[in-house]
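So the structure is just underneath, and the comments pick up after that.
Letters A, B, C and D name the chains as they come in the text, with residue numbers starting at 1 for each one.
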Amino acid sequence: MPIDKNLMRLVKIEDVNIETPTVKTIFFKDSLSSVSKPGQFLMVWIPRREELPLSVMISDTKNHAAITIRKNGYGSTSLFNKDIGDRIGIRGPFGNSFSFNKSLKNIIFLGGGTGLVPLVRLLYYIKEYDSKFTFIMGAKTKSELFFTELIYEWAKAKKIDLHIATEDGSLGTKGYPTDILRAFLSVHKDIDMIYTCGPELMMKKVYDIAIINSVRMEASIERYMKCGIGICSSCCINDKLVCVDGTIFNETKIQKLTEFGVSYRNKSGILTKF
Amino acid sequence: MPIDKNLMRLVKIEDVNIETPTVKTIFFKDSLSSVSKPGQFLMVWIPRREELPLSVMISDTKNHAAITIRKNGYGSTSLFNKDIGDRIGIRGPFGNSFSFNKSLKNIIFLGGGTGLVPLVRLLYYIKEYDSKFTFIMGAKTKSELFFTELIYEWAKAKKIDLHIATEDGSLGTKGYPTDILRAFLSVHKDIDMIYTCGPELMMKKVYDIAIINSVRMEASIERYMKCGIGICSSCCINDKLVCVDGTIFNETKIQKLTEFGVSYRNKSGILTKF
Amino acid sequence: MDYDIPINIAGLDLKNPVIVASGILGLSQSIFDRLYKIGAGAIVSKSISLLPREGYRNPTIVSVDNMSYINAVGLANPGAESFSTEISKNKGPLLVSLVGSEKSEFSVIVRKFRDHKILGFELNLSCPHVEKMGMEIGDDLKLVYDIIQSIKKETTKPLFVKVGLGKSDILEVAKVAESAGADGITAINTLRAMKIDIETQCPVLENKIGGLSGSAIKPLGIRCVYELSKSLKIPIIGCGGIMTYSDVVEYMMAGASAIQIGSLIGLKGISSIGKIVMGLRSYLEAGNINDIKEIIGIAHR
Amino acid sequence: MDYDIPINIAGLDLKNPVIVASGILGLSQSIFDRLYKIGAGAIVSKSISLLPREGYRNPTIVSVDNMSYINAVGLANPGAESFSTEISKNKGPLLVSLVGSEKSEFSVIVRKFRDHKILGFELNLSCPHVEKMGMEIGDDLKLVYDIIQSIKKETTKPLFVKVGLGKSDILEVAKVAESAGADGITAINTLRAMKIDIETQCPVLENKIGGLSGSAIKPLGIRCVYELSKSLKIPIIGCGGIMTYSDVVEYMMAGASAIQIGSLIGLKGISSIGKIVMGLRSYLEAGNINDIKEIIGIAHR
């Protein structure tokens, strides 16, 4: 019988990668997650603590997957504090995924923080393809950057342009990744697609820039999630449920999402301005 | 997904055969029943009336099966009164089946009344085999005999010895089928197996005769059944559950069934003498 | 597509008897509009309390085998004020679900929706996992009576009372509701239940105990509707474990005039609403049933 | 094979905590002897009434999806006199289940087993489908108290009281049972449920309403055991929907000192008893758990 992805599975943490002092990648064995499509997420249970939606990160080991967590509040810190041998529960993968086909010849990835996770998984899937990849990464400061080495590693085999923006200028361009994007698009007129994930206001800028430049784009939107399966409506944005209709929306869909970049539902479901 | 045999299936009666004024064969489509093994039974629901255990009878149509019912009390009469187009519910098939292998070269079937049903299904399965078949049938009187034509029909293609005993001598030998068996065994010393089904006291005699003559035998035992799945114990005989451990028991097993031919459990579960 | 299987229940004309249950996609007007469009005969909102509630921390919902869930959302909702703004432009067939911990709260909540275009209200007497709300109130028959009367005083719109299998006799609660002026009964809510993860040796839900919904509870819901419809005069909305149009038919034969679906949407997605309606239509056509009323309570004959 | 996972419950030493539930293969001494041999830690007999009962006409049991059944056997049983003869030579760990409709009946029944080698008794307060028996008695707290006292007056053997989810508060009933002298609680019995066949438009069971058992009720049973073990001092036997050894572990972590299995035997056959025991043993070995007591109630921590 196939495993029901809705049933929670307990997995043991098999390896851990410290990305920055506050960001950790956690590896585990789970065949369903290992084949999840780029952009899909898991509901991750930290026993006795919390359950959080987290994007699926890549693992090089067969039947394995990973998650990358930034230490923040109660749930994320509990998860961050887990180590090799500890158990967590997962259900999913849930949600749709980034679209990709080989006709996209010139692709930009733009992300920051843990928003990099689904972009990295996507790049991992398509990096052997005969396309041009540009990766724009943003962070507050140099020490908060991660996954750069991974991309440099991949770039050995296949050209990947990596552009970095830090707010304090400690590495790469000083400023925001969207500044780089704007400049890049004024020069490169043959971009087929921009994939983005990160803070919503950043993604809103990416959307605006893409529209002005008539470039297609896809963004992974975050909302507060409880069920992950389209039943509780805590994750809704306009008439869409991010957990099942998303998390990936393209520019045509985003155009109708008047709440995008404007407001979100808080834990009680009240529409709240960003 | 395979059908769960425990879930009740509603079937439409597609054909009916009047065997005698009080016995009817009812045909219906049901793939699970159509492949039931000889000796297995169904729990048959007569809506708003009763549910009865009934042996599976044969049908010549693919994916079809049949049941043969003798009109008697409340439930059986309700079923007997059903006609083409009516619906009944079935679950099963349940129980074990007669054992057979090609090394059995000389076989006797001995039955009476609706006890003929599993024997006929068995014969149907094995009639092409290279064995000698003797069928001994008993009834009170000629008009209560049925399935004889079916056997004559089969006997055209392949020799089947049919012996008939009626208590009033209106057809065949006057007396009991067990009288015929006794006489037959005194002449034929090379019998490999006796299959029997019918009134328990008759089967008890068959057992006794088989033991004396050192012939193997298998009998299909009836007990009051509620669940058909080995949970309620209404059908128990000694430490066996007729619905799952039986209904077929061979002479070795019967030897340990001290209640066989002696007593049965009534509807309250009280052990009662025959 | 046209999802018409017209029914009338408690004076309300619905385009079909398939209603989205409370707590299921029940917070956003945009989602309500989408639900109408894809076939819902009506929608019950998330249960609304006087003040906003954040509900429990995650996990708030856990799957158990066999198409069932246990949830303890903790009645997270925006509160009456904010929700009345949310649905201020509503034009669809919406019922607002009400929950509270004191009698006085209900009339205040109902008044917030006085000028709204909504069908009516559903009183949640049976939330099994929030203390001093829902279930606990439903166990106090005198309080049930008083709350219903206080709501009926504030509104002429129909009031459905949602009952469940808790600590008290569901038949008794429903009879009290009827005598207090309820226009219909919704049965059943989820049942108090629990899942323990044996590897980590702890309950999975943050609240430990939640409410069981889905397939597992269908035989219980059918029985309740059957028994309720024997002893009540007001109509019944059946709810619990409906997964296919044939489950709808089973509920209606047991005595339900309409039904609600919940867990199914988690299992099969939002489009399953329309599929249920279309399945029901085909069933009625195949059986030459002109008016779905013909099958309501037919199993009692 | 050796099915040893020794436990002590209410003063009884059992070879393991896996007990065959009442009504499951509960009528014949030969079957009891077979059940001991294939691994059962103990057996509860069919519920025995003062006089024999034929029970309801068939169908008495119907499968619902998902490894669950609804049954309305109607407490068919041979009656106290005949059953005391049946088990007169018993040497195995047998509990006799008692059911009645009047207080006075119970002491008469118990006296019939005065000279028998049995472990003790289980009082069935929770049969959901026979009027004036089981459930209805269980709803009258005063009567519950009196019945238990009248039984305890007749015997020094342990008495377990079996409770269910009916019209009254399971916690309250159990507390009354404890205060009246019950030595343990069995939870839960089946829940009133129904299946209607939509083709023939009628309930399937002859009695129309029956009791739901099997997988569907496990989350309810776990919850009841968890809540009961929070508020009682006497031990609890968990029952309802146990299909695997891990379900046994879940019940024990919730607070059960032993468990009963029923429906599983219909689904997986009589040998499933031994398989559950062996599965449990492997689980304990793999986890280096020397005494199964260590996991009882561990989910409360």
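Structural remarks
We adopt the following convention: contacts are C-beta pairs under 8 Å (C-beta built on N, C-alpha and C of every residue); 3 or more make two chains touch, one makes a residue touch a chain.
Source: prediction; values computed, not measured.
Seen from the C-alpha centroid of subunit B, the farthest chain centroid is that of A. The geometric centre of subunit B is 36 Å away from that of subunit D, both derived from CA atoms. The centroid of the Cα atoms in subunit A and the matching centroid in subunit D are 52 Å apart. For this pair, subunit A with subunit B, the centres built from the Cα atoms lie 67 Å apart. Shown for subunit D are the residues in touch with two or more other chains, namely 65, 202.
Those residues of subunit B in touch with two or more other chains do not exist in this structure. Interchain contacts link the chains end to end along an open line, per the touch definition above. By the contact rule set out at the top, the touching chain pairs are A-C, B-D, C-D.
Residues 4, 6-8, 10, 43, 45, 47-48, 50-52, 74-75, 87, 89, 91, 226-227, 229-234, 236, 238-239, 241, 244, 265-271 of subunit A are the ones touching subunit C in the complex.
Within the complex formed with subunit B, the subunit D residues making contact are 23-28, 30-31, 33-34, 46, 52-55, 57-63, 65, 71, 73, 76-79, 82, 86, 197, 199-200, 202, 204, 206, 262-263, 265-267, 269-270. Looking at the complex, you find that subunit C touches subunit D at residues 64-68, 70, 139, 165, 167-172, 191-196, 198, 201-203, 208-209, 212, 215-220, 222-223, 226-227, 246, 249-250, 253-254, 295, 298-299, 301.
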